Structures are given as structure tokens and as C-alpha cells.
Amino acid sequence: MDKIHLALICFAAATSIGLTGLGAGIGMGRGVESACMGIARNPEAKGPITTTMILGMALIESIAIYGLVIAFILLFANPFKDMLM
Amino acid sequence: MDKIHLALICFAAATSIGLTGLGAGIGMGRGVESACMGIARNPEAKGPITTTMILGMALIESIAIYGLVIAFILLFANPFKDMLM
Amino acid sequence: MDKIHLALICFAAATSIGLTGLGAGIGMGRGVESACMGIARNPEAKGPITTTMILGMALIESIAIYGLVIAFILLFANPFKDMLM
Amino acid sequence: MDKIHLALICFAAATSIGLTGLGAGIGMGRGVESACMGIARNPEAKGPITTTMILGMALIESIAIYGLVIAFILLFANPFKDMLM
Amino acid sequence: MDKIHLALICFAAATSIGLTGLGAGIGMGRGVESACMGIARNPEAKGPITTTMILGMALIESIAIYGLVIAFILLFANPFKDMLM
Amino acid sequence: MDKIHLALICFAAATSIGLTGLGAGIGMGRGVESACMGIARNPEAKGPITTTMILGMALIESIAIYGLVIAFILLFANPFKDMLM
Amino acid sequence: MDKIHLALICFAAATSIGLTGLGAGIGMGRGVESACMGIARNPEAKGPITTTMILGMALIESIAIYGLVIAFILLFANPFKDMLM
Amino acid sequence: MDKIHLALICFAAATSIGLTGLGAGIGMGRGVESACMGIARNPEAKGPITTTMILGMALIESIAIYGLVIAFILLFANPFKDMLM
Amino acid sequence: MDKIHLALICFAAATSIGLTGLGAGIGMGRGVESACMGIARNPEAKGPITTTMILGMALIESIAIYGLVIAFILLFANPFKDMLM
Amino acid sequence: MDKIHLALICFAAATSIGLTGLGAGIGMGRGVESACMGIARNPEAKGPITTTMILGMALIESIAIYGLVIAFILLFANPFKDMLM
Amino acid sequence: MDKIHLALICFAAATSIGLTGLGAGIGMGRGVESACMGIARNPEAKGPITTTMILGMALIESIAIYGLVIAFILLFANPFKDMLM
Amino acid sequence: MDKIHLALICFAAATSIGLTGLGAGIGMGRGVESACMGIARNPEAKGPITTTMILGMALIESIAIYGLVIAFILLFANPFKDMLM
Amino acid sequence: MDKIHLALICFAAATSIGLTGLGAGIGMGRGVESACMGIARNPEAKGPITTTMILGMALIESIAIYGLVIAFILLFANPFKDMLM
Amino acid sequence: MDKIHLALICFAAATSIGLTGLGAGIGMGRGVESACMGIARNPEAKGPITTTMILGMALIESIAIYGLVIAFILLFANPFKDMLM
């Protein structure tokens, strides 16, 4: 079990993208839901609704990107790399 | 138990795609739900609703893709591969 | 307990398809729900509703496919196979 | 405890069908719910509603089938069988 | 503790039927709920509603059957039986 | 702790009936709820509503029976009985 | 810790009645809720509503009885009694 | 730790009454809720509503009694008492 | 750690009152909610509503009393007291 | 670790007040909610609504008091005090 | 690890205030919600609504105070202090 | 691992502020929600709504302050400080 | 494992900001939701709604700040720093 | 296992961004939802709605930034770095 810390770092990367992805997925689903229903109610407002949805979902996407960045840092730019060997 | 870290990396890959898939699945379900209901209410708006749904679901799909990417990196391009042997 | 890592890999495959299947199942249920209710409200829109539902559910199905792919990779194309023996 | 890995593989098969069955069961329940309510509201649309419900539930059923397939593979076509003995 | 793996296989069988039964029970409850309410709203549609409910619930029942099949296989046709003794 | 596997089998039987009973209890509650409300709204439809409720609840009851069957098998017809002594 | 398996069997009995009781309690609560509300809306339908509620709740009660039966069997007719001493 | 099994039996008794009490408490709360609201809507139906509520809550109370019975049996009529000393 | 079983019995008492109190608290909250809203809608029905609420909440209170009784028995009339020393 | 049982008793006291406080807090919140909304709808019924709310919340408060009593007994009148030293 | 019991007592204090604070926070949020909405609907009833809200929230606050009291007792007036050294 | 109790005290401080902050955050969100919606419905009642919201949220904020106080006491005024060294 | 307490302190800091951030995120989401919907219903009340939202969200933000403060104290001003080396 | 504390710090960083991202994702989803629906109802209020949404979501985004900051500090500016080697 002398290499289990390497596996735990991989698990940490998976947790990072997993939890942020869970939140972002649920959140973005609400965004799509509201946009589709809004267009159905008021098709003439398609332009501003789509613009708002994309703007908002880009902000939520950034949450998932943060998790992805931490995951990549843990895997490819791990600051403890020298100590791990 | 001297090879259990390899199994834990596999488990990390499964967690990565599992959690992001859970969030994306729930989120995309809301997207389909709203699109179908929107078309039923206002069939003439089928075009923009479908466009919006596909745009939004592609963004959610990207969340699952992130989880898939981390899973593939953990399995096929593991940065700690040299240390694992 | 010198072979428990093999069992853990099997468990990882089950987790991968299990969690993505859980999310996809809940999500696709919403899709079917909305499509049936939409057709009941507006039977004339059956065509576009069914098309949208199938399109959306194919996207959700892809989430479960990702989990299945990871499960198959873990079992049949495990990149650590040489090290496991 | 030298055979516990065999039991863990059985547990993995149970988890695989269990989690996918949990998601598929909840999802299909929504499908039946919407179909029954839709027919009650609009009995004349019975044909397309039933068609849509069966189409959608077949897609959800496929999720449970994936879990079943993984469970059968783990039990009867386990790729690590040679190593388990 | 040299026979604990046998108990774990029994536990796996219980998990298999338990989780699928949990999902199927919740799902079928929605089916009965909608059918009863649908008949109350529109008693004349009793025929097609009951037909649809039975069709749908048979599909959900199949989920529980899958779990039961895995449980029986684990107990009576365990593929690792030779190794367990 | 050389007899703890017997206790674990008892625990497995309890889990089997417990989880299926949890799902069936929640599901059947929805069935009773809808039947009572349906009769209150439309007392003349008492006959078909009660018939449908009993039919549906018998299907849900079967889920709990499955769990009971597995529990009885684990306790009284345990296929590993010879190995347990 | 040579008698801990006896305590675990007691714990299994408690789990059996506990989980089924949790599900049955939640389910029966819905039954009472709907019956009271139904009588308030339509007091003339008191007879069939009460009959239906008692019929349905007896079916749910049976779930709790199953859990009780398993609990009693585990305690008073434990099939592994000879092996436990 | 040679007496920890006695403490575990106490814990089992607490779990038994705790889980059944949790379910019964939530369920009975729904019963009171519906009865109070029903009387507020239709004060003239106070008699049958109260009768139905008491009948239903007695059935739910029986769930908690089952848990209490198991708890008392575990504590005062434990079938394994001879073996516990 | 030769006295940890005493602490576990204390923990069991806390679990007993804790879980029953959790359920009873949530359930009684619904009772108060419905009674206050019912009086606001129909102030003239204050008498029967309050009577019903007190009757129902006394029944729910009994759940918490059961948990309290078990907790007191565990602490002050523990049937295993002789064995604990 | 020869004094860890004292810490576990403290933890039991915290669990006792914690779980009952969680349930009572959620339940009392519903009581305040309904009382405020009821007064807003029907200000003339302020008297009976406030009386009912206080009566009901005193009953819920008693749940938290039970948890507090058990916590105090565990700390200051622990029946196992002689054995703990 | 001979001082870990001191840390566990600190953890118990944190659990005590944490769980009661969680319940009280959720409950008090409902109180504020209803009060603000009630004033918006009926501004003239501001006086009694605010009085009721403060009265009710003081009762909920008392729940958190109980948790705080237990936490302070565990830290500053621990009845086992003599035994802890 | 002879200093792990210090880390556990830090963890206790984090739990204390974390759980109270979780409850207070959810509760205060409801307060802001209701205040904004109330002002939108009845802008003239802005004054009393804002006053009530601030009063109520200050009470909820006090919950988080309690958690913060316990956290600070655990870190800077730990009553077991002499024993920890 | 003689440095694992340092890692646990880092984990405590992450828990502190994580749990408070979870609560604050959910709570602030409700605030934005209500503000946007309120402006849509009553655009003329934009000023007071925005003021109220910012005031309320600043109060919720303070919850997250508390968690951040504890996290910073744990990392940079740890009161047990002298004992940790 | 002498380097597992490094892995635990990585895991702490993942937890920090993960939990805050989960809360922020769910919260921001509500923001986008309300903005899109608000524009659909009242397209003329697009300007202030978008302004409010961006203002509010920036505040929520700050929660995720806090989690990111703690994660970066744990990885790149760990205050215990000297002690970790």
C-alpha cells in the first residue's frame, strides 16, 4: 500500500470534477428548462431569452471549469510532485 | 493488497463519469421536459425551441464530457504512470 | 486478500454504469412524462413532440453510454492489465 | 478472508442492477403516470400516447438492460476469471 | 471469519432485490396513483387506462424481476461456486 | 468472531424485506391516496377505482413478496448451508 | 467479542421492522390524509372512502407485518440456532 | 470490549423504536394536517373526519407499537439471553 | 476501551429519543400548520379544529414518549445491568 | 484511548439535543409560517391563531425538552457513573 | 492518541450547536418568509404579524440556545472533568 | 498520530460554523426571497417589509454567530488547552 | 502517518468554506430568483427590489465570509501552531 | 503510507471547490431560470432583469471563487509546507 497516495490524488481529481459537474448539471438544466418554456410562451422574445440563457449558462459553466482546472492541476501540475516520488 | 492503488484509480474514473453523468442526466431531463411541453403549448415555436434545447443540452453534455475526459486521462494518460509500476 | 483489487475494479465498473444509469433513468422519465402529457394536450403536435423527445432522449442515452463505455474499458481493455497480474 | 474478492464481485453485480433499476423504476413510473393521466384527459389520443409511452419506456428499459448486461458479464464472463482462481 | 464471503453473497442478493424493489415500488405507486385519478376524472376511459397501466406496470415489474433473477443466480447458480468451497 | 457470518445472513434477510418494504410502502400509500381522493371526487366510479387500486396494489405487493421470498430463502433454504457449518 | 453475532441478529430484527415500518408509516399517512380530505369534500361518500382506506391500509399494514414476521423468525425461530451456540 | 454485544442490543432496541417512530411520526402528522384542514373547510363533517382520523392513526400507531414490541423483546425477553452471559 | 459499552448504551438512549423526536417534531409541525391555517380560513370552527389538533398531536406525542421510555429503560432499568459490571 | 468512553457520552448528549432540535426547529418553523400567513389573511382571527400556535409550539417544544432532559441525565445524572471511573 | 477524547468532546460541542442551528435556521427562515409575504399582502396587519413572528422565532431561537447550552456545558462545565485528566 | 487530536479540534470548529452556516444560509435565502417578492407585489409596503426582513435575518444571523462563537472558543479559548500539550 | 494531522487541518479548512458555501449558494440563488421575477412582474419597483436583494445577499454573503475566516484562521493563524511541529 | 497526507491535502482542495461549486451551481441555476422566465413574461424589462441577474450571479460566483481560493492556497501556498517535507 505504499503507492495508495497516488490513487487518492486521482480520486481527488475525480471528486473535484464530479461534485462541480453535479451542481452545474442540475443548475444548467434549470436554465434550459426556463428558456424553452419562455420561448414557448413568448416566441417573440426568443432573442433576449437565448442571450440571457447563454450568458447565465456560461457563468454556470465556469463553475465546472473551476473543478476541471483543479482536477488538471492535481494531475498534471501537482505542487507536491517532488515529494510524491 | 499491493496493487489496490490500481483498482482505486479505476474507481476514481468511475466516480468521475458517474457523478457528472448523474448531474447531467437530471439536468438534461429537465431540458427535454420543457421542450416537449413547450412544443405542445405552442407548436409554431417548434423551431426556436428545438434550437434552444439543443444549444442548452450541448452545454450540459459538455459537463459529462469533462467527466469522461478526466476518466480517460486517469486510465490512459495517467500522469503518475511511471510511479505506479 | 491478495486479489481484492480485481473485485474492486468490477465494483468500479458497476458504479460507473450504476450512477450514470440512475441519472439517465430519472432524466429520461421526465422526457417520457412531458411527451405523453404534451400529446394528450395537443394531439396534433404528435410529430414534432415525438421527434424532440427522441432527439433529447438520445442525448441523455449518450450519458448512460459513456458510463457503459467506461465500464467496458475497465473490464475488457483495462490499461493497467499488465500490472494487475 | 482469502475468498472475499469473489463475494465482492457478486456485490458489484448486485450494485450494477440495483442502481440502474432504481433509476429506471423511478423514471418509468413517471412514464406510466403521464400516459394514464393523458388518456384520462384526452381518451381519443390513446393511440399516440401509448406508442410514445412504449417508445420512451423501451429507451429507459435499455438503461436497466445495461446494468443487467454488466451484472451478467461480471458473473459469467468475468474478464479477470483466470486471475481469480 | 473464514466464511464471511458466503454471508456477503447473501447480502449481495438482498441488495439486488432490495434496490430494484425500492425503485419499482416507488415507480409503480405513481402508476396506480395516476390510473385511479384518471378513472375518477373520466370513468368512461376505464378500459384504455387500465390497459395502459397494466402494460406500463409490467414493464416496471420487469425491473424487479431483473433484480430477482440476479439474486437467484447469486444464490442458486453462482458462477464462482467451485471456488467458494 | 467465528460465527459472525450467520448474523450477517440474518442481516441480509432483514435488508431484503426492509428495502422492498420501504419502496412498496411508499408506493402503496400513493395508491390508497389516489383511490380515496378519486372516490371523493366521483363516488359513482367507486367500482372501477377500487378494482384498479386492488389490481395495482397487488402488483406492488408482489415486490414486497419478492423481498420476503429472498429473505425466507436466505434463512430456511440457504444454498450455502452445507458450507456454513 | 465472541458473542457479537448474537447482538447483530438483534440488530437485524430491529432493521427489519424499522425499515418496513418507516415505509408503511409514510404510506399509511398518505392514506389517512386522502381519506380525511375526501370526506371533507364529499361527506356523503364517507362509506366507500372509509372502506377503501381500510382495504388499502390493510394491504400496507401487511408490509409492516412481513417485517415483523422476519423479526420474530430471526429472534424466536432462527434457523441457524444450532450453529449459534 | 467483551461486553460490547450487550450495548449493541440496546442500540438495536433504540433503532427499532427510532425508525418506526420516525415513519409513524411523519405519517401521523399528515393525518392531523388533513383532519384539521378538512374540518376548517367543512365543519359539519367533523364527526366522520375525526372518526376516520382516529381509525387511520390507530393503524399507524400500530406500526410504532410493533417497533416498541421488538424493542421490549430485545431488552426484556431476549431469546438469546442464555447465550449472552 | 473496556468501558466503551457503557458509552454505547448512552448513545443508544440518545438515538432513541433523537430519531423519534425528529419524526414527531416534523409531524407535529404539520399539525400546528394546518390548525392555524384552518382557523384563519374558518374562525368559527376554532373549537373542533383545536380539539382535533390536540387529539392528533397527543397521538404523535405518544411516539416521542415511546422513544423517551426506551431511553429511560436503557439508562435506569437496563435489563443487562447485572452483566454490565 | 482509555477515556474515550467519556467523550462518547458527551457525543451522545450532543446527538440527543441535536436530532430533537433539528426536528423541533423544522416543525416549529411550519407553525410560525402558518400563524403569520393566517393573520395576514384574516387579521381578526389573531387571538385564536396565536393561542393555537403557542399551544402547538409548546407541544413541539416539549420534544426538544425531552432531548435536553436526556442530555442532562447523560451528563449530570449518568446512571453508570459508578462504573465509569 | 491518548488525548483524542478531548478532541471528541470538542467535536460533540460542535455537533450540538451545528445540528440545532441547522434545524433552527431552516425553521426561522420559514418564519421570516411568511412574515414578509403576509405584510406584503396585508400591510395593515403589520403589527400582529411582527409580534407573532418575534414570538414564534423566539421559541425557535430557544432550540438553538439549548444546543448552545449543551455545547458550553461540554466545554466549560464538563461533569467528567475530573476523570478526563 | 500523536497530534491528531489537534487536527480534530480544528475539524470540530469547521463543523460548527459549517452546519450552522448551512442552515442559516438556506433560511436567510427564504427571507430575501419573500422580501423581494413582497416588494414586487406591494411596493408601498417596502418600509415594513424591509424592517421585518432585517429583524428576522438578524435573528437567523445569530444562529451563525453561535456557530462562530463555538468555533472561536474551540480554537482560541479551548478549555482543555492545558491538557492538550 | 506522522504528518496526517496537517492534512486533516487542510481538510477542515475545506469543510468550513465548503459547507458554508453550499448553504450560502443555495440561499443566494433564491434571492436572485425572487429579485428577477419581482422585477419582471413589477418593473417600476426595480429600485427597492435591487436594494433589498443586495442588502439580503450581503447578509448571506457574510455567512460564507465566516466560513472563509475560519478557513484562513485554521491555515494561517492556527492557534495550535506551536504544538503542531 | 508515509505520503498519504499529501494526497489528503489534494483531496481537501477538491472538496473545497466541489462543495462550493455544488452550492453555487444550484444557486446560479435558479438565477438563470428566473431571468429567462421573467424576460418571457415581460420582455420590456430585459435590461433591469439582466442587470440584476448578473449582479446576483456575480455574488454567487464569489462563493465559488472563495472555494477556488482555498483550493489554490492549499495547493500552492500551503502554510504547512515546511512541515510537510
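To keep things simple, chains are lettered A, B, C, D, E, F, G, H, I, J, K, L, M and N as they appear, and every chain counts its residues starting from 1.
Keep in mind that, in the parts below, a residue touches a chain if its C-beta (ideal position, glycine included) is under 8 Å from a C-beta of that chain, and two chains touch if they have at least 3 such contacts.
The structure presented is a predicted model; accordingly, all values stated were derived computationally and were not measured.
Following the contact convention of this document, no chain is adjacent to both chain D and chain K.
Least step count on the touch graph, chain G to chain I: 2.
Considering every other chain in turn, none proves to be in contact with both chain B and chain J.
A rotation of 50 degrees, rounded to the nearest 5, superposes the Cα atoms of chain D on chain F.
Centres computed as Cα averages put chain E at a distance of 44 Å from chain L. Inter-chain spacing, taken between the CA centroids of chain B and chain M, is 28 Å.
Shared contact sites, meaning residues of chain L that touch two or more other chains, fall at 1-2, 4, 6, 8-9, 11, 13, 15, 18-19, 22-31, 33-35, 37, 39, 41, 49, 53, 57, 64, 67, 71, 78, 84.
Chain contacts in this assembly form a single closed ring in which each chain touches exactly two others. Around the closed ring of chain contacts, the path that opens at chain B and continues to chain C reads B, C, D, E, F, G, H, I, J, K, L, M, N, A. Interface of chain I with chain H (complex): residues 1-2, 4-6, 8-9, 11-13, 15-16, 18-20, 22-31, 33-35, 37-39, 41-42, 44-45, 48-49, 52-53, 55-57, 59-60, 62-64, 66-67, 70-71, 73-74, 78-80, 83-84.
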